[in-house]
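In what follows, structures are represented as structure tokens.
Presented sequentially are two complexes of subunit A, the first with subunit B as partner and the second with subunit C.
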Partner chain A sequence: MIPVLLAAHLAGIVGASVAGYRSARAGLLVASIPPAITTIWALGQLNSAPQQAFYELHWVQGLGLSLRFSVDELALLMTILVSGIGVLVFFYSTGYFGSTAGPDARFPSSLLAFSGSMLGLVWADSVWTLFIFWEFTSITSFLLVGYKHVEDSVRIAARRALMITGAGGLSLLAGLLLLVRESNTTILDQISPATGTVGTVAAVLVLIGAATKSAQVPFHVWLPGAMAAPTPVSAYLHSATMVKAGVFLMAVMGPIFANAAVWKTVGAACGIASMLWGGIGALRHRDAKLMLAWGTVSQLGLLVTLFAIGSPKAVFAGIALLLAHALFKATLFLVVGEIDIRTGTRDIAELGGLWRAMPLTCAVATAAGLSMAGAPPLLGFMAKEAALEAVLGLAGAEQLVFSCAVILGSVLTVAYTTRFLITVFGPGPATVVSPPRLAMTAPAAVLSIAGIAGYIFVAAPNRLVSNAAIELNAAATYSLIAWPGLKTAFVVSLAILLVGSLLGLAISRQRVRPTPGSQGADWADAAIDGILTVAPSLTARIQHGSLPVYVVTMTAMAALATIPFLSEIPYLQLDLWNSLIEPFLAIVIVGSAIAGTFVGSRLGAALALGAVGLGMSALFVSYGAPDLALTQLLVETIIVVAFVLGLGRLRQSFPPVDTTWKAARIVIAGAGGIGVTLAIAAASTSPTGTPPLADVSEQAVEEGGGKNLVNVILTDLRALDTLGEVVVLATVAIGILALARINQTEVA
Partner chain B sequence: MSIALLLTVGGLTTTGLYLITARSLSRIILGFSLLGHAAVLSLLIAGGSPRAAPIAGTAEQMSNPVPQALALTAIVISFGLTLFLLALAGRQQTLSGDDLVEDDLEDGRIANAQSSEEDL
Partner chain C sequence: MTASRSSIVHVGIRAASPLAITVGVYLFFAGHSQPGGGFAAGLVLGAVITLRTVTGLQRPTNATGLLSSGIVIVTATAAAPLIWGGTFFDQRVVSVELPVLGTVKSGSALIFDAGVTIIVIGLVIALLDGLSTSEPSAIETDAEGRP
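Up next, the complex of A and B:
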């Protein structure tokens, strides 16, 4: 079923483009079909017995190069999120762009391309597959962030997102390659736990990849900028799914890096910093969408922290929060998009009072917001409860640090949630200018209700979460608890809600200050501009157009590469010569070659070349290769004749040699010559087998009907190669004819 | 393995490389020919020591015929290449009055765009 679903997404991209040319709405509806099929399939998998869907498409088997997919429990959970929310977002987009929107092929097809890439990423079972789809999501995200590409600021934001996530992708690739080298397999499930220095380096590299994708401090600067995308994209990519890819990666890689201390310390440091800084950011901004974006950084920080801790309970809580966050954060983004469309602003200074004008939307947002704050009776409450229990259950200093961080982060979460709900829906001046759009309200309502239903019918989310957790960590046999009773975690939870909402109330009463600029984003842009300045000047230096310099550069590099051969050559096994005629011929050949190199007249050079050829012929005779000798003689004669004929057009003497270059050219050519000599010496003294002379002789006589083995090989055993050679010569002949004709017409 | 042959390969490669870094196309052609000789000789050397000609049933110990077949192909192809380059040199002579290889125009444009900051 996996190839069918992926093919459906590919076909859907084409179909959405075609339909999008008629109208954006048609394109969006066509694009929603593949995610709908995928969602139905994934829900069906839930009910059937636990069996993993698997698919492998081989490319190069020996190198482990294959597209390999396997849908395990965690992947199934992610599939339901990616495709399920995908369907709702496509439906929502039809309302967002409105019935009057013109044709648009780009948006539906890129959004579907993202959806398919994300599925490939969560299904990936080999490091190559993982990396390829990881990059696909970065690229599709770039296209979607840059959707309104006519605005400068949008292009800059899109570029920032691409450069940061792209750089993280390279870091991830390096980490994966280290892992592959250590455990000698490219299959994710079979990679052995990393240890030692290599494990540490790989852990840091993979963490950088995860942190860039999941917008963790200090790489978080791209995410607020990505809010330049249309709101459906922000809801789908930059809150519910793509930014979860980094967290997903940490969940999958957690068992591999369980022994690397740096995984826990660096990962948790990153996560805690993001959790707190993101929370503060959400309290500072006045654009409702940016408040949510900073809140996403904060929530992702909590997720990263939980997966960095990696204890069974933390893993369980992480997955529960992953599910809950996707539901409530997507809802809130969808709500903000609707408010933006209907009131024409997202600035909280101009918003407020919407509970009266948009009561349904207000209810939907309140339910989602309470889930985000971790209040009962909602899915977010159970997830936050599990997270608190996980950090409170740690021991020693870890317990203190992680508990304080998570409690502080949760207080901030409650505070910015309160601020969001009060400033947008509470008392205020906003006026609604456009009529309600059901296509926008309904998807948000569905997701919000899912958060409530997940609490009431706790068995359904519990099955998803606990199965996925057990798969990652066999000891994670927990379940979601709807009403924990008066335990420590619950009391702490209530305290957080109380303190947080008071803090949020206090802050939302303050006068709204101007939006602070993001210095981090400025630095990131400056760095990217630096790259864009350095790269062309480097290119101009390396690729300046002089053929001789190219050849010299390549020769120098190739010569350096032959240095290792020095130790491979058995010097004592070398003879001075095979027969006495060899040194004599060697002197003739090399002497003629040197003479031809430095002689000033073209005729002299042609004659020297002929002398080299004759010397080679003689050498072939002494080497037991009469066919080669005959061919060489014939070829050399023709070349000398052709040279002399061609010289009629050319001047008698060569143009003067540029002396500034001469010394460098001689040195590099000498190095190249020595390098080739070393390589041939090493290769010829270490044969890997004996030539199959008897076989070739027998085959030649029986099948080819000839005794001259070289001839039979060329005309019979390898006849097709010879045919190719004839074709080459014929092509050359045609080319020469054409070139000669040009000359004649020019002259005429 | 014979040091004399190895040195021959080295000498041919060195002179060949020196010549193909020249500006004059006819020198480059000479260089290609010399490099072709070096390649053919390398193939033969890599195939084993010299023995009797590889004619079935004439000798116990024969030279390895496979590298010889490859070398023959190499000779013919480098022959074709040399003739083609000669024709190019003739054309260059007719068009520009000499057979010099000029710097690549497109690459030069990239370099200039950097210094003048106008294009790109």
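Up next, the complex of A and C:
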């Protein structure tokens, strides 16, 4: 079923862009079909478990390169979130973009491409698959953030998001490669726990990848900027799914890094910093959407902290919160989008009294908001309780630090939730609203009701969460508790709600506040701009375009590279020649080469080089390598012709060279020549193993079905190399044509 | 380009071309078991085109077409086995009994080699085309009366 679903997404991308040209609504509806099918399939899988869906598409078996997917319990939970919320977001978009001025034809297909990439990411079972789909989500996210690309600020925000998450992706790749090298497998399930220095380095690299994707301090600066995207995108990518990719990665990698101390310390430091700084950010901003975005940074910080702790209870709480957060945060974003469309503003200084004008929306938002604050009777409450129990259950200094951080973070969460609900819906001058749009209210209501239903019918979310948690950590046999009674965690929870709402009320009185600047984002942009200025100047320095300097550099490097071989040559045992023809040919070759350096005219030099080549092919013949000789001869012929044709454009003789430069060139050329000669002598006198000639010959006749060994190697045994080489040839040829055309247009 | 106007050269090259092409084709098919192969064949055929171009007998310009079809052929040969469940670059060998030639063995490697040949020919033509364009255009501007 996995390949069918992925193919359905691919087909949907094409179908949605075709349909999108006719009508935006049709494009969105077509795009919602693949996620709908996936959701239904995933819900069906819930009952047919424990049989996991699995699919593998081999590419290069020797390198373990394959697309490998496996849908385990955690992946199933993520699938339901990604595809289920996806369907609702597509439906919501039909209302968001209105019926007259719909989105671009590429919007539905980009969003669907993201949805498919996200599925590939959560289903991935090999490091390559994981990385590829990880990057796909970054790229599709870039397209979606930059959707309103005519505005400068949007393009800058999209670039910042791409650069930060893209750089994180490279860091992740490095970490994964270290893991693959240590445990000799590319299959995620089979990677052994990392230890020692390699484990530490890999843990940090993977953490950077997760932190960039999940917008953790100090990489969080891209997330508020990404709010430049249309609200359906923000609700889907930047709250429910893509930012969860980093948390998901931490959940999956947790068992592998269980022994690396740095995983816990750095991960938790990152998480706690984000939890607190995100909460403060949410209290500082006036734009309702930005308030939610900063709230997301804070919530993700809590998730990252829990998965960094990695104790069974923390893992369980993390997954419960992952589910709850996806539901309530997506709801709140959808609500903000509706308010934005119906009132024309998201600024809380201008909003107010919406409970009267938008009662249904207000109810939906309140239910989601209370879930976010962790108030009963909602799914968020049970998740927050589990998180509190997890940190209170730790011992010693860990208990103190983590408990304080989580409690403080939760107080901030309650405060910004209160501020959000009061300032938008609470008392105040009623904002003018346009008529309701059912397509926008309904999806938010569905998600919000899911949060309530999850509390009432606790068995359903409990099954999802506890199975996934047990899969990650066999000791995590907990279940969600609807009403814990007067236990410590519950009392702490009530205190948090009280303190937080009082703080929120106090702050929400001060409706008009100066908009905080975004220094972090400015620094990130400055860094990106810096790269963009340094890179060209560095390139101009290295790739200066002076052919003689290139050749001298390469020759000097080749000469230096031969130094290690010098000690391996048995100088006294060298045979100077095998047959008398060799010294004769050597004289011809060396003579022509020397003549080439003395000839004043370029044509003469080209012909001298041709003579060198011909001598070489004669030498090949004397060694019994007709194939090589033939190729060399033909290549020489073509090169000489090309030289002669090219020389028509140049001065006939070489330009004068100043004496020092000339001397340097002579020295380096001499060193290069001597170095290569000695390296060849070393290679042919002290081989480090037996040449695999016999094996290859046998293989050539059996597998390749040919007797010309060289050619069978070229076209069969090492055909991938040949493919690469001919692609290079074709690229060079296209380059030649392009250069010639530039010249033509200049002449014309 | 210095096009030779000598009729001896012209006739000689006209006469030699079919022979050289035959040699190129021979090298291409011989390559599997004897010296030769797609690269060498492409160079020989490219050399024929070079000779004919330098003497002004023809003026090939279709390098891009050859290059792109060559790339399509090599990548398609490489990827085709994936369709029927094989791996990248799976080799297929087919033996055919032909009346005159006897048993002829041929495989997907031959098609791959053909792609290599086409790319090499394309490269040679690109070289000729690219390196010789400036002069004719310069002459054209002269013909229009510009300095």
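Criterion: the second predicted complex is superposed on the first by the 538 of 748 C-alpha atoms of A that agree within 3 Å, B and C clash if a C-alpha of one lies under 4 Å from a C-alpha of the other, contacts with A are read in each partner's own complex, and residues count from 1 in each chain.
To be clear about the criterion, contacts are C-beta pairs under 8 Å (C-beta built on N, C-alpha and C of every residue); 3 or more make two chains touch, one makes a residue touch a chain.
Just so it is clear, the model here is predicted, and its values are computed rather than measured.
Engineer: Examine A:739 and indicate which partner it touches, taking first as subunit B and second as subunit C; both and neither are also allowed.
Structural biologist: both
Engineer: Which of the two partners, first being subunit B and second being subunit C, lies in contact with A:642: first, second, both, or neither?
Structural biologist: both
Engineer: Can A:477 be said to touch subunit B (first), subunit C (second), both, or neither?
Structural biologist: neither
Engineer: Given the touch rule stated above, what does A:184 touch, subunit B (first), subunit C (second), both, or neither?
Structural biologist: After superposition on chain A, A:184 lies in contact with neither partner.
Engineer: Considering only touches as defined above, state whether A:624 meets subunit B (first), subunit C (second), both or neither.
Structural biologist: first
Engineer: Would you sort A:553 into first (subunit B), second (subunit C), both or neither based on which partner it touches?
Structural biologist: So A:553 meets neither subunit B nor subunit C here.
Engineer: Going by the contact rule stated at the top, is it subunit B or subunit C that touches a larger number of residues on subunit A?
Structural biologist: Here the partner covering more residues of subunit A is B.
Engineer: Tell me the contact category for A:714 with respect to subunit B and subunit C: first, second, both or neither.
Structural biologist: A:714 contacts both subunit B and subunit C.
Engineer: Have a look at where A:652 lands relative to subunit B and subunit C in the superposition and call it first, second, both or neither.
Structural biologist: So A:652 meets neither subunit B nor subunit C here.
Engineer: Touching A:488, do we find subunit B (first), subunit C (second), both, or neither?
Structural biologist: neither
Engineer: Report, in rising order, the residues of subunit A that make contact with subunit B in one complex and with subunit C in the other.
Structural biologist: On subunit A, the overlap between the subunit B and subunit C contacts is residues 626-627, 631, 635, 638, 642, 646, 649, 707-708, 710, 714, 722, 729, 732, 736, 739-740, 743, 747.
Engineer: Can you name the residues of subunit A that touch subunit C in the complex?
Structural biologist: 58-61, 626-627, 630-631, 634-635, 637-638, 641-642, 645-646, 648-649, 703-708, 710-712, 714-716, 719-720, 722-723, 726-727, 729-730, 732-734, 736-737, 739-741, 743-744, 747-748
Engineer: Which residues of subunit C touch subunit A once you look at their complex with the stated criterion?
Structural biologist: That would be residues 1-2, 27, 31-40, 43-44, 46-47, 50, 54, 63-64, 67-68, 70-71, 74-75, 78, 87-89, 91, 93, 105, 107, 109-110, 112-113, 115-116, 119-120, 122-124, 126-135, 137-138, 141 of subunit C.
Engineer: Provide the residue numbers of subunit B that touch subunit A in the complex, in ascending order.
Structural biologist: Going through subunit B, the ones touching subunit A are 1-24, 26-27, 30, 33-34, 37-38, 40-42, 44-58, 62-66, 68-69, 71-73, 75-77, 79-84, 86-91, 93-95, 98-101, 103-108, 110-111, 113-115, 120.
Engineer: Of all residues in subunit A, which touch subunit B in the complex?
Structural biologist: Within the complex, subunit A contacts subunit B at residues 536-537, 539-541, 543-548, 551-552, 555, 573-579, 582-583, 585-586, 589-590, 593-594, 596-597, 602, 605, 609, 612-613, 616, 619-620, 622-628, 631-632, 635, 638-639, 642-643, 646, 649-651, 654-655, 657-658, 661, 665-666, 668-670, 672-674, 676-677, 680-681, 683-685, 687, 691, 693, 696-697, 700-701, 707-710, 713-714, 718, 721-722, 725, 728-729, 732, 735-736, 739-740, 742-743, 746-747.
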